[in-house]
Structures are given as C-alpha cells and as structure tokens.
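We just call them A, B, C and D in the order they show up, numbering each chain from 1.
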Amino acid sequence: MAHLSQKEYEEALGPLLHELSDAARWIQETGQRLVVVFEGRDTAGKGGSIHMFASILNPRQCHVVALPSPSEREKSQWYFQRYVEHMPARGEISLFDRSWYNRAGVEAVMGFCSSQQVTAFLKAVPDFEKQLVDDGIYLFKYWLCCDQERQEERFADRLNNPLRRWKLSPVDIKSRALYDAYTEARERMLAATDSPHAPWTLVDFNDQRLGRLTLLRDLLDRLPDTKLPVENIPWPKLGHDPIKERYGVMKPLPSYRWHDRDD
Amino acid sequence: MAHLSQKEYEEALGPLLHELSDAARWIQETGQRLVVVFEGRDTAGKGGSIHMFASILNPRQCHVVALPSPSEREKSQWYFQRYVEHMPARGEISLFDRSWYNRAGVEAVMGFCSSQQVTAFLKAVPDFEKQLVDDGIYLFKYWLCCDQERQEERFADRLNNPLRRWKLSPVDIKSRALYDAYTEARERMLAATDSPHAPWTLVDFNDQRLGRLTLLRDLLDRLPDTKLPVENIPWPKLGHDPIKERYGVMKPLPSYRWHDRDD
Amino acid sequence: MAHLSQKEYEEALGPLLHELSDAARWIQETGQRLVVVFEGRDTAGKGGSIHMFASILNPRQCHVVALPSPSEREKSQWYFQRYVEHMPARGEISLFDRSWYNRAGVEAVMGFCSSQQVTAFLKAVPDFEKQLVDDGIYLFKYWLCCDQERQEERFADRLNNPLRRWKLSPVDIKSRALYDAYTEARERMLAATDSPHAPWTLVDFNDQRLGRLTLLRDLLDRLPDTKLPVENIPWPKLGHDPIKERYGVMKPLPSYRWHDRDD
Amino acid sequence: MAHLSQKEYEEALGPLLHELSDAARWIQETGQRLVVVFEGRDTAGKGGSIHMFASILNPRQCHVVALPSPSEREKSQWYFQRYVEHMPARGEISLFDRSWYNRAGVEAVMGFCSSQQVTAFLKAVPDFEKQLVDDGIYLFKYWLCCDQERQEERFADRLNNPLRRWKLSPVDIKSRALYDAYTEARERMLAATDSPHAPWTLVDFNDQRLGRLTLLRDLLDRLPDTKLPVENIPWPKLGHDPIKERYGVMKPLPSYRWHDRDD
C-alpha cells in the first residue's frame, strides 16, 4: 500500500478538522458529552491520534485521560472507580489514552491480574458501558491495529530517537515477543465487549496518517448533524491607535538568538 | 523586527526539544516536580507554548491544568484549594494554562472579585508559592506579552477562522477595550508577586515562534544539569518473521478515501 | 406497641455491638468492603442508626457519606458519578446517609427532576448495583418506615428543640403534606430496585430503639461467620513508675468549673 | 482530683451543647468556616471529643477528617496537599482526627520520616496556617494531655475490651515505651508552631469528661457572639388524621425480639 505523504495528509486532514471543530462547538452548545477510548497495539499510534484531537480543541473542553498505575488503595476499589472520576460533564470531551480495557489487554497478557479477574471484567464491561450510554454519553471505542513489521520499525525508532525514548517502557520490550498473545487477548475482548450500545471499531494503523484520517472520519460520521450557525459577534473599531506594551517592574527577556547557537 | 519563518523556527526548535526531552527524563528519574505557570495577554500564545511542551512529553508525566470556572462551593473555599489538587507528584510536570493569578488579572480587571480580594490575594501569593518551593517543587512563572496591534490581528483571526473561534470568549471581546487596565493589573501583580523564590519572567510574544523559543531556552537554563546517560536496552532479534495482524471477530474499517472526497 | 425503655435498649444493644465490632474486624482483616444505604421517611431515624454504627467503629475504617446538593457540573455528569467516588476500598465501610435513591424519593416527589429522569434512574439502578456486588462489595439497603403520627411528633420535637432544629429543612416542611406521595414513590422504587443481588429491607422505626436493634440484627445476620480469633498481644510491664505530663512551652487550660456556672 | 461523674458531666454538658448548636447555626447562616485540629497523647481522648461534636451536628455541615496513611504518590506530593483537600467550604466545619502534625509527632518519634523533614515541617507550618487564617478560616488547635498512669489504664482497657481493641495499633504498643520522647516532640512542636494567628491550646484529659467540657468551653469562648434569632417557621395543622404506613411490594422485617435472645 502506498503511504500517504505529509502533504496529502495535511490536505485531507484540513476539512476533517473543520468538521471536528464544528462537532466540538455542537457538543459545547448543546451540552453533549463525548468519551473516546483509544486502545490498540503498542506503537500503533494512540498518542498521535489523541494529539490530532487535542491540538485543535479547547483544553477546558477536551481532557486527555492518561492515568498512572493504580495505587494499592485504588486496586482494592471497584475496578471502574478511578475511571468514572474522569467522565465528562456537560459539553465536555474525555479522550482516554488507554482505559479500563487495560485489564483485558496488558494486564491479561502480562499476568498482572488473575484470569478470574479478566473473566469478571469482560462480563462486567457491557453493563458498565450501557450505564454511561443510557445516561446520554456518546461512547466511541477505537482499537488501532498494525502488523509486527511496522511495530518493530517503530520500536526501533523509539530506541534510537531520544525524543521518543520515553515511549519505550519495560512492558513494551517484553511485548515484542507476545504479538500473538496480544492478538488473542484482543479477539477475546472484542467477542465479549463489542455490544450494540458500545461497538468497537478497528482501524488499520499500518499507515498512521491514513489511520488517523480513517478514525476521525468514522467518529464524525457517528455524530448526528453537528452544524450550528456561527454566532455573529459585533466587532467595533478600537477607536484609537493600538497600544504598545510598556514595562515598569521588569523588562521581557532578550529574545533567543538562534543564529549564535548554530555557531 | 523580522519574524522567524516556520523553517527557521523548526531548525531552532529541534535542539531545544531534545534538551526538553532530556530534562523530562531527568525529572522522571530523579523524582523532581515541576510547575510552569503560563499567564499573559489574551492571544499572546499561552496555548501554543503549552502545546510545544505537551506535544513531545509523556501525557502520564506532563499534565495540562486548564481549570473551568470555580463552582459555588469552590468559590467559598480557601482560594488556592482547587489549584493545590493539581500539584505534581514525584517525577511529574504540571503546566498551568492560567492559574491562581486569574484573581490578579481577569477577575481584577473585569470586576469578578472585590478589590479587597485582589489585595488579599497579592499579599498571600508569595507565602503560598514559598511553601511549594520550600517543599522542593521547581516553580517557573511566565507572563507572555504582546502589543495591541498583534492582539487585534489575532482576535481578528479567531473571529474569522472557524478552527480558532472557540478561543474567542465574551470576556475576550470586552478585553479589547481594556488593554491598558490589563497592563496596570499586570504591573501591580508583578510588583507584589515577583519574589526571590518564585520570580516572574516576561517574554515578548509579538513573534510567537520567537517567544516560544525564548521561553523554552530560559526554562531549560533554569534547571540544573539534566543530562543523564541513556540506559542501554538489550534488543534481541525477533527470531521469526514478523507477524501480520489477523482478524476474527471483526475487520478494520475500510481506509478513508481522500481522493474521492476531493471530487 | 410497648416502647423499648432506654435501659432495655442498652441491654439488648450491648451484645449486638460486640458482634458489629467483630464484623468490622473481619472486614478489616479479610479485606472485605461494605456499603450500607440508609433511606427512609423523614424523621424515621437514619441519623441515629448511622450514629449507632459510627460511634463504635474506627473512623479510618467507617466513613459516613452525607453528600451536599450536587453542583451544576455534577448535575450534568453521569448520575452515579459523585457517589462512586465514595465506594469503599479494601477493609472499609461506607454508610450512605441518603444516597443515589434521592432521585426516586425527594427529587421525584418534590419535582426536582423530570419524570423521565426518575424512570431512567429506576431502570439503571439494578445494573449499577449489580456492578458493585459482582465486584465483591457487600451492599445492604435499608428503608426506615414510620407512621405520620410519629413523624408529626418528631417534626414537632425538631421545631421546639434547638439542638435538633437543624434537622428541619424547608423540604421537610413541605413533605408533611406529601406523606402519601412519598409512600407511592417508595412503592414504585421498591418494585423497580428490589433485586436478588441487592434486595431492600424495610424496618419499622415507629419505635426508633427497636428499629435500630432490628436493623443491626438483620445486617449482622446477612454477613457470613465473622468470628476471628483475637490476636494475642504481648504486654510487658513498663519497668518504671508511670511518667507524669510535664509542661514547658505552655500549661494546659484551667479546667472548666461547672459548679460556678450553675450559680 | 475528684473525677466528674457521668451525671455531673451530662448536666454540665447540656448547656454547652446548646451553645455549640447555636454556633453551628451561626457558622451555617453567616457562611463561616471552622477547622478544629485534635492532636494529643495516645488514648488521651481525641475520638471521644470529636464524637461530642459530631453527635449533635449535621453530618452535611460537620466532617470528620481521619485520613488513612498516605499512598506512595501522596507521599511524594506537597506535604500539605492531601489535607488541603478537606478544608471546609462556606458554612462547614472540619474536625481533624490527627492532622498534618503527624509529621512532628508519631512520624518524628517513630522515625517514619527524616529529621530534616521534621525541621522543614516545623518551619513551614506557621506560614501554611497563616494562609488559611488570612483567608478567613477559624483554626483552633487542641493538644490533649494525660499522664502515663492514665494512658496505661486506657491501653489496658483497649487490650481487654473487644469493642475498643481496634484502637490499639502496633504503633501504640511501641509508644508505651516512648512517653518521654513524645513529650519532647510535643514541646518542640509547640515551640515552633504556637503562633499568634494559630495558637495551640493544651487540655488536661486525665479526666476525659472534664477535658471535653474544658475543650468545648474554650472553643465556644473563642468564637464571637454566635447568637442568632431562630427563624419562625409557620406550622399549620395537618388537616386530616395522620396517615399510617401501608405496604405493598414488601413488608417490614419482624421486630427484633430481644427477650428471646436473653434465654
């Protein structure tokens, strides 16, 4: 498959971002609540996809939920308790960078929980999600797929690119040898938790740019007509020359001189 | 002043982001805590600056704190209470998109609080921040400046660019006529809260790209030597052909066909 | 019906409190979690019943959850969200002084929510509670009953006894005229939410002492055998005369002189 | 010293509770906030004192704050962070059953923190508390004293009385041998944290009843005149015979038969 070039990607993305922006305004103005769960293969592109959303949305409206490992106290509570805390209020969007599905994915494959816990989780999920959906929350769940060849390339990039090195966790390293086990865990998870009220959507992220476009197009298509008229804002002239900054207590920093640094 | 081109910006930014990445690793591995407060003129570029950080850092480490308006109950609590909740734990970074300084800025200028409350706030801040700094937290406070000419251009952009329209709040619209009042409020705030343990830094954001570089360079210079050796990670061969995704319960979505959309 | 005297009550209560204490130790040592919901007629005796528990239990183990009215933001969240936050961790007990059932009681009768919201709530409750019970939480729900004659006497006491005046809310005052409506709301609620996994128990609180004994006996009977051997604690002699308090920086307050006050 | 009998205690307590009730109403109606810190010798009587307050106050107004040990994450945050969360909102009372002073007491004596941490804490406290007091919070701090002879008697009671056994923690057992060390830690703490804005009050709890009266009298005397007129509530006749409970879905439990149990 031919990969999408950066230029093609940006041309295709532009109109979608405008639609996303309209959708966010609709969510705000009509008081909707949106939850998007991003799960998937390590390196598939969850972070980049979330970034596509977060980069154009109001951070007061759109929250990225990337929880740390649970504390001992949290581990002993109702499994969903620490996630529930981050469900959106009126007009808000919660983007889950991994989610309650950890239990069916990494925890199950790496043995961080018992098989009884996995089974109980898979049984509980559809009812838990039904509660949210019945309460009026839009809940979309995406699982991002990629072949091991792509995964190996991206792991290698994380290994060698200092800017991405933090993305390489000890669990990732062990996961390389467990590609098949993750597939099996995913299939079991899909079979148990793909429900009419909260269906799963798989997206092929072998080409990450194309994957992001596909995901965003799908999400937008699932929302109802979100086109609202833009409020007209009266915009009178200032009536005077624009004012310049003036400094009393202290001056601004001297500007960074990037040329000198190159020397 | 000549503006920085996108290309120049990216060339200059690259090495700084590598330093930032190193600093984040140092914060993580040595268990530091970092708070960065972003305040400034409307449209100056707080969001873009925060985005510069957040786009390359681990969302589990680096949290953007963009609080909604306080509830009635929160309004009646200790003024700093709802901010304290978001102070970083070991290894974490909290980026405040606006902060407790609202009281000395927008609240003071727009009359959302009494002048006694502003005075009490200005008196309380240095001790509050000293508590955090004495506890070992790195606290950096940036105020982003721009002339009204730039502000008017950027307001106009928000008015006309649907992707940025959400950035135009009713308060912003009133703020156009209050440029001087904001300057005065800032000067009063600087005089009262620029302390040895938590100094303010003004950054000129008339050129936003240059402003971001200047801010980031300054922040990096305030941290001690953050260079840590990169841990060597053994990376054995897979030992088999890379595995392809296989799908049982459901197939991935068909890819987004961007060409057709253009027709 | 002959009322229980204070002396009879205390004699009967003693052994039950010992059992409760054993049960609390069992919950602690075996890591159980217990939720008790106290609902019922205004003035029936919820507060006194909760007090019976809280007065002998460790406040670090046993939490009374008496939530204030929801904020606007909370009102717009998943209905159960603000209650979920207070679910017990390992070894803990949560006593809910009123609960999510507000929606089927006071909110329904007083018109604080729409009839659609009541219907949706009644439909959602059994699944919500099943989630908790399936997760291993012990969930007991008590509804405390009393005739209007008793209620009127107790309202009159609240009206005239300054120590209890705070118990008389404006809603209570309106509730006097709505005794039947509350009965109907309760019956509808029982029909919808009395489930095999989370059954309701009605307790007659026309005699509050007897009601408390009845409730406690029932709760203890629902728990499995909670008798654990008491750990033997070695208790060596002090080996010196007991030490007296000595004061340097300041002295204690002079003791309250109650006789003088009587003069 | 002659101990106060239960009868004398109740006679003396009555009028004080009425004053406390008035004070609570004043706090509610005028929107004050009250924090009471209960610290002191093990077994001195913190729990009983808190219970004296909580037993007559509205649990929606008056919160007992008895925090568990901090999680690893909390340990790494600003020391006061987890306490700040429980500061009162308008009209509320927070009763701290132990508090941030743990660091100067049990943690210092038992070596749960470093001596640098104790020193830093003692230095930080006055400024932290000044923040709260300057914000308008009433902050009262009581340290409950008792001789070791009383402490030994009460430890023995906890050892032998199953209802109180939970009060005997492993730390208590070690504390028996450290009476003097706790005295020294207290004196150091008093010297460092008895400030004009947040003074300490020692109360002799060798007689717990007398101690509670002394503490409550002192607290009431520190509040301004809290007498507010009681609102007159119109109380019309019901206009019909009082209604009896009627049961449809289910019947109440049979009453507990305490006589049979005695057989």
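Quick notes on this one:
Keep in mind that, in the parts below, a residue touches a chain if its C-beta (ideal position, glycine included) is under 8 Å from a C-beta of that chain, and two chains touch if they have at least 3 such contacts.
For clarity, every value in this text was computed on a predicted model and none was experimentally measured.
Over half of the residue numbers found at the chain C and chain D interface occur in both copies, marking it as a same-residue contact.
The most distant chain from chain A, with centres taken as the mean of CA atoms, is D. For this pair, chain A with chain D, the centres built from the Cα atoms lie 45 Å apart. Once the centre of each chain is set as its mean CA position, chain C and chain D turn out to be 20 Å apart.
Per-chain Cα centroids separate chain A from chain C by 41 Å. Those residues of chain C in touch with two or more other chains are numbered 68, 73.
Listing the residues of chain D that touch chain C in their complex gives 4, 8, 11-12, 15, 17-18, 21-22, 24-25, 28, 41, 47, 50-51, 54-61, 64, 66-68, 97, 145-149, 151-152, 156, 159, 162-163, 165-168, 173, 176-177, 179-180, 183, 187, 190-191, 194, 200-204, 207, 210, 213-215, 217-218, 230, 233, 235, 238, 242-256, 258, 261. Of all the residues in chain D, the ones that touch chain A in their complex are 68, 71-73. Looking at the complex, you find that chain B touches chain D at residues 31, 33, 73-74, 76-81, 84-85, 87-91, 120, 123-124, 127-128, 130-132, 134-135, 137.
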